[in-house]
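See structure below.
A, B, C, D, E and F label the chains in the order they appear, each numbered from 1.
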Amino acid sequence: MAEPIVFLGGKYVPADEASINIYDHGIVLGATATEFTRTFSKKLYRLDDHLTRLYESLKYMRLDPGLTIDEMREATLRVAAHNAELLPEDGELALVHFVTPGAVEAYAGSAAAGIPKPTPTVCIHTFPLLFWMWQRLFQEGAHVVTPSIRHVPPQCIEPKMKHRSRMNWYLADGETHLVDPKAITLLLDLDGNVTESSGANFLIAKDEKIISPTSRNILRGISRKTVMELCGELGISFVERDLQVHDVVNADEAFLCTTPYCLAPVTRINGIPIGDGIGPMFHKLIGAWSEKVGLDIVQQIMSARRPEGT
Amino acid sequence: MAEPIVFLGGKYVPADEASINIYDHGIVLGATATEFTRTFSKKLYRLDDHLTRLYESLKYMRLDPGLTIDEMREATLRVAAHNAELLPEDGELALVHFVTPGAVEAYAGSAAAGIPKPTPTVCIHTFPLLFWMWQRLFQEGAHVVTPSIRHVPPQCIEPKMKHRSRMNWYLADGETHLVDPKAITLLLDLDGNVTESSGANFLIAKDEKIISPTSRNILRGISRKTVMELCGELGISFVERDLQVHDVVNADEAFLCTTPYCLAPVTRINGIPIGDGIGPMFHKLIGAWSEKVGLDIVQQIMSARRPEGT
Amino acid sequence: MAEPIVFLGGKYVPADEASINIYDHGIVLGATATEFTRTFSKKLYRLDDHLTRLYESLKYMRLDPGLTIDEMREATLRVAAHNAELLPEDGELALVHFVTPGAVEAYAGSAAAGIPKPTPTVCIHTFPLLFWMWQRLFQEGAHVVTPSIRHVPPQCIEPKMKHRSRMNWYLADGETHLVDPKAITLLLDLDGNVTESSGANFLIAKDEKIISPTSRNILRGISRKTVMELCGELGISFVERDLQVHDVVNADEAFLCTTPYCLAPVTRINGIPIGDGIGPMFHKLIGAWSEKVGLDIVQQIMSARRPEGT
Amino acid sequence: MAEPIVFLGGKYVPADEASINIYDHGIVLGATATEFTRTFSKKLYRLDDHLTRLYESLKYMRLDPGLTIDEMREATLRVAAHNAELLPEDGELALVHFVTPGAVEAYAGSAAAGIPKPTPTVCIHTFPLLFWMWQRLFQEGAHVVTPSIRHVPPQCIEPKMKHRSRMNWYLADGETHLVDPKAITLLLDLDGNVTESSGANFLIAKDEKIISPTSRNILRGISRKTVMELCGELGISFVERDLQVHDVVNADEAFLCTTPYCLAPVTRINGIPIGDGIGPMFHKLIGAWSEKVGLDIVQQIMSARRPEGT
Amino acid sequence: MAEPIVFLGGKYVPADEASINIYDHGIVLGATATEFTRTFSKKLYRLDDHLTRLYESLKYMRLDPGLTIDEMREATLRVAAHNAELLPEDGELALVHFVTPGAVEAYAGSAAAGIPKPTPTVCIHTFPLLFWMWQRLFQEGAHVVTPSIRHVPPQCIEPKMKHRSRMNWYLADGETHLVDPKAITLLLDLDGNVTESSGANFLIAKDEKIISPTSRNILRGISRKTVMELCGELGISFVERDLQVHDVVNADEAFLCTTPYCLAPVTRINGIPIGDGIGPMFHKLIGAWSEKVGLDIVQQIMSARRPEGT
Amino acid sequence: MAEPIVFLGGKYVPADEASINIYDHGIVLGATATEFTRTFSKKLYRLDDHLTRLYESLKYMRLDPGLTIDEMREATLRVAAHNAELLPEDGELALVHFVTPGAVEAYAGSAAAGIPKPTPTVCIHTFPLLFWMWQRLFQEGAHVVTPSIRHVPPQCIEPKMKHRSRMNWYLADGETHLVDPKAITLLLDLDGNVTESSGANFLIAKDEKIISPTSRNILRGISRKTVMELCGELGISFVERDLQVHDVVNADEAFLCTTPYCLAPVTRINGIPIGDGIGPMFHKLIGAWSEKVGLDIVQQIMSARRPEGT
């Protein structure tokens, strides 16, 4: 096939045939576990960490996806291998897993009488990382905004699962974009602590330390784990404690950290500049990370050609 | 077409061709507004109330569906009219609206280069009400269980919108079914107040009054509104106040109220019987409601033929 | 018997033989439902209301006391009748019910091998109301103090049950008595709302209305219910809403209402005088109540002889 | 005496004469401080730690028990010495202290006119540890369940005191046993953090570390302290942080730790298996503990003869 | 004097001599009670309501201002009479009371040795109402924005007092003005309920009713009280209940209500239009209010001459 | 000038001319950032730490004071130098900075037509430290009391800023002084954790460690930072964790730590003695601190002459 493939319903199908039934739990309830992995030099990075977390989410959901973790890895590698072939030379893949409990039986009633017990929907698909989208982040740094809408607490929906009931991200972004259409939402929890953005972990640097919100109500990000390891190797201390907006306003530096672009500088919060812009800690960490993966992460992003009209 | 139709992407398509792209906000974020309407004698009941609420949800989301409410009504009526024709004589339709912001652009990158600005996904579909599923509810009454997982508060995701980021319903049901595989989840809020079930409003009867949780963090149900109106007509007072499990344990009667089956008796909470089982207030209300819609609601449910093997 | 009797363990025993095993759930866990009823002119007042509430508490506990409500009433009346005989002419009885799940089996192991399934402990006992204890309340009014310790919320221990896990009353009184050894604790809830005292409901009068904390997290007192009924008869409106200390400081009058002394004026909160001291609403209500029970409630208290040395 | 003795009211009395007046604060309010100590090879284990905590609880209650800590130790040793004599060769003692403020004066009025100022009730009693009760725990591991009822927060009743106002344990167990009559309640706090069971501290093992809920709102258990010391000796790190159900579901192992049986494996939470069942960390810790006390703790439990009919 | 006077320190002084010592509690702690009254046709409106609330605030603070309410009224009337004389014909006065506990003694040490016990600072001053400032409000309606910063709860600082520890208003406005420099802050409480703006009460109209946030944590405004009375006279029901942003987004109309400009339409919240702009309920209420005070409130505002350069 | 000077409005003015306009944000809203620095041997101690924190507070407020930090330091040193000259030989200065946004324009309208954009109010003033005021603290130790009023949470007003919206300190002191007119308020947060006093940080010593409340919702005090550094030098571990009253009751020692008197022993909480009074950890820390600053801190306080009549 000269087209990307998607693993869906136990089969490998062409990407443009990959769609989800309107009766699926994923669309009816947002009851979906998910992962997002990327390649460096077309090889999937820390895949086992992502698969482990996926199976932890599924275990918490009491949902057996019908594939063992080894079968899932095999299917993943096959999708990645096929689709990576189709990339331009300097391209990289984003690879997405998602798993739902399958059809909502009552809803499916009209379409299919006598349906058997629903089987979980397992999907693995990819798309090329659009590096140009993040060029501004690495030039100016991100602007984060704390909307009035709050992070969902773990006793309601556990944010340590990577899931897809994220209406509050959508609602929060609606408020954030009133301040700055390019700003990124930084969600506060019910007690006013900083948590994470819609899509990335958040960190600050202060007095030569990296400080993270406590792991109580954030995704325990794989990229964040990479930063922890890099800190260990570089002799930088990495600590967790409750952070509030005041800490961010008065930080030396701040960062978003997430699979697609690894680590990005944050240079403003609610319109207030943080530190002196993109700073030395950022350079130290992204440099060490680049070394680890054998390519210059920032350069890869900055050298991408921007599509016309963007 | 001798098959049900679905309104999707601005067109009327056969039901078995109705599916959602895996890059849609509805599947990627659960960022979906929805409604559920039913027919009585094959006519949609209180459609305008449902459409009004749908547009209130969309307004709160800052999402313009691309159709006016009149266009939405027209499409709704066309889908309903076509699909009702295909029902058996004693059948009724469930009609579902859902609207999402459309494709997540970054995700869609691989499948479609040069895509235009995403258009919202608007879907209207139907399925036959499976009356036999609720026969047990009307024979024994429901058993509700309060799991440890809590209702999402309105400052996180507003429950007055009918939306589809409902992972916590799925998680909560996992706990509830440990107690009784047929039990229905009754969610408590962060303060321990009774809110609603995953799919229905909850009411109690005590001392000849109907008491509802406050409307602060529940869906303002159309069926609940019907009960309010019936109470007005029957001279029964309908009051809102914070309810806790102790109130339900010591209620005279309790009810679930929701579009598909209107009003069902609840006869147990966490294993404890409520009142004397299905009671006189239930009969009074469902009787009045039946009169209003011109058919015996309970009888319609109880006379449905149960599929073999269920 | 010329001595008071106690109903305990299914028997009527002399008061001085009434004691509880050290292995009883009541002493080991404080897992006890209770009621407190009094006589007027030696007749039990609103006994059925008290028994109904006792059985509601037991139902919430999932505890079958082994006696029907009718058997409980019969035993109650027998204890009251016998013990009332022993009162002086102007005396009145306090009658206490308490029910526990009986022995904690593991603890009881040493004392009794081969014990059968524990039977609930049901106890009914009385003591004479010590009217002189409340004379100061009716002369000066009560001084209520809000300690830093908070009321236990209903999702932890439901205060609508009358129960005996009241360590927080004891702890709170320790703080209150630092301010004034004769002051009465008025507990705030976790949100800073006024709830109830350790032993009585709390009410204020403002602009000719009686205002009560909402019934969410207070005992729904029988005396409070009497006040509601009296208000109905006197054309005074009785409303429930969240009250804070500011409301009490600026109330016209305030009251404690509880079975032993019915209704007492509160004239200070945290050292601040309320209104102009004992006021007209108090006199109106206690007057109507006195009429209802056929004796002057205040006069009965004030005319009691104070024991020497108190 | 060929019968166990109890220290009560300043005297040593036969166990079957040990009972508490129905007017005691311990029964009327549950206002009781307590401790639970056990023997190994018939010697009390860490008695001084238990007595220190008892006096800390009493200090917090502002309650002087009338005995110095040395007098309490002396009475304790005398009760233990006497009662240990009566044990079978392979028996061990549970020894319980409890202290209450004594009689509630108003309640005691009927039984005793002219009573002096109430003296605190101090009781020391024992019973044989019923090892057979825990055999299932060590064979299969415990199943813990998180009910909807929440742990009482420290601003209401301080859980760092060992006290006996534990109605919420009783209520929570009622919910837990709906899921599994043999399950053990694991209480969540108001924020959804894991706290402790009704009777034991809770710990998990993850990535070679022992992780405990923070000490904010749990009993600072003596057995938990032993585990901390064992970890120190074995080079295992012991950390405190907020834990939620997701952490337990995805732990390597989990444990209950408490005086009677020291440390027990937990192998399920809310029906979900934890790790691979009883694991290596459990064996390492219980092995080290057994060495410390000079007997095989698990073997002592497993070799106990089970009474017929259990 | 041809200059406005200020009552300060027990004297009437020229406005430009009115200043507060830098050691005053008002400047050191913000521990200030205040009121804001206005004139209609140069007569103070509802002065007694304002004085009553001022004395309620002072009572809550345990602060005796050193003037009786009658003396305060007298001084108020004298300041108002003098200063009204200096107004242009179409001018109206704003009159401000503020009271602080006076000097912080330790701070004052350097300036004045041997100072006596500090006397409270009582100040009454006026300024002309700048009607032109509100013309935009009455042309377009207000835009309210809910920042991430929350309203201070009553158990911390009681918002039913009108006080001056309002740093959170200042901080919240900083966020609000990022969205729209002319927007007005609408504060949410810790539970996400709508409370009040920095300076006005907030109301919505829905289905012919006026709905107000509950009076639990808002100032019980005098203008709000006027609206309640107008509703009573016009047969419009005025209800209190918890409101969230979703209610405002879907209201028919919304209002700010406050002494300086009485009642202003709110036509947007967080960028979302409310209803159809300035609506019939607004006109009905402001019309009735205008009648009550004998002048056209909107016309008075709209006809004010705008200073050049504004 | 033979009189102290104050830096105010960009000028150096005699102290008795230093006053704030009644229209200033500092008096109208309490919207003031502040610092408090002291001298040792007439030299300002850790001035740069105080200025850094002041500029952090201003940054959080989005308020540019109109002076760079260097200009602020220069003005500070000039005020301090001048005023220190006027001290008696054994005197020390307290130096206060405060900054407000300047005049509230609408309020200022009457006094000054055509006013330009308000400029921030920057004030630097001093007063002699009144050592005699703290002699009792160092003789008996402080008595701290936890009132029912709670600390303002950081999502409302950030306590990591040193600001002057402190009505809750004033209100809380009103409750505290009911218990003991010399007691110092120790504020609990909304979860019942110990925070800080009105004016000082709070610490305990337990098992040779210094334990501080977490830095989430307290001022990050400069004196507290000094204690941290002293602990580092003395090999004492300094840890942060949530503390409740139970921890303080059972601490070995407790302390207040604040600029004016550095570190004072706390010997009672809510009437309960802590440890054995002033203890060895206090002596160790204050001794090391005294060495650092080259004078005996306690002796300087204790040798001050007490004014007559105090």
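The rule is short, and it goes like this: a contact is a pair of C-beta atoms (placed from the backbone, for glycine too) under 8 Å apart; a residue touches a chain by one contact, two chains touch by 3 or more.
These numbers come from a predicted model, not from an experiment.
When the interfaces E-F and B-C are ranked by how many C-beta pairs touch across them, E-F comes first.
Using the mean of the Cα atoms as each chain's centre, the chain most removed from subunit A is C. Chain centres were defined as the mean of their Cα atoms; on that basis the chain farthest from subunit F turns out to be B. At the interface between subunit A and subunit F, two copies of one sequence, fewer than half of the residue numbers in use are shared by both copies. Centre-to-centre separation between subunit A and subunit B, using Cα means, comes to 32 Å.
The distance from the centre of subunit A to the centre of subunit C, each centre being the mean of the chain's C-alpha atoms, comes to 57 Å. Distance between subunit B and subunit D, defined via averaged C-alpha coordinates, is recorded as 46 Å.
Residues of subunit B found to touch two or more other chains are 60, 62, 148, 150, 153, 155, 158, 161, 174, 188, 190, 192, 245, 271. Pairwise, the chains that touch each other are A-B, A-D, A-E, A-F, B-C, B-D, B-E, C-D, C-E, C-F, D-F, E-F. Note for the complex: subunit A touches subunit B at residues 4, 6, 8, 15-16, 18-22, 24-32, 60-62, 83, 94, 96, 98, 101, 106-111, 114, 123, 125-128, 130, 133, 148-153, 155-158, 161, 163-171, 174, 190, 307. Contact residues on subunit E toward subunit B in their complex (touch as defined above): 188, 191-193, 241-242, 244-247, 249-250, 271-272. The residues of subunit A lying in touch with subunit E in their complex are 145-148, 150, 174-175, 178-180, 188, 190, 192, 245, 270-271.
On the subunit D side of its complex with subunit F, the touching residues are 56, 59-60, 62, 153-155, 158, 160-161, 214-216.
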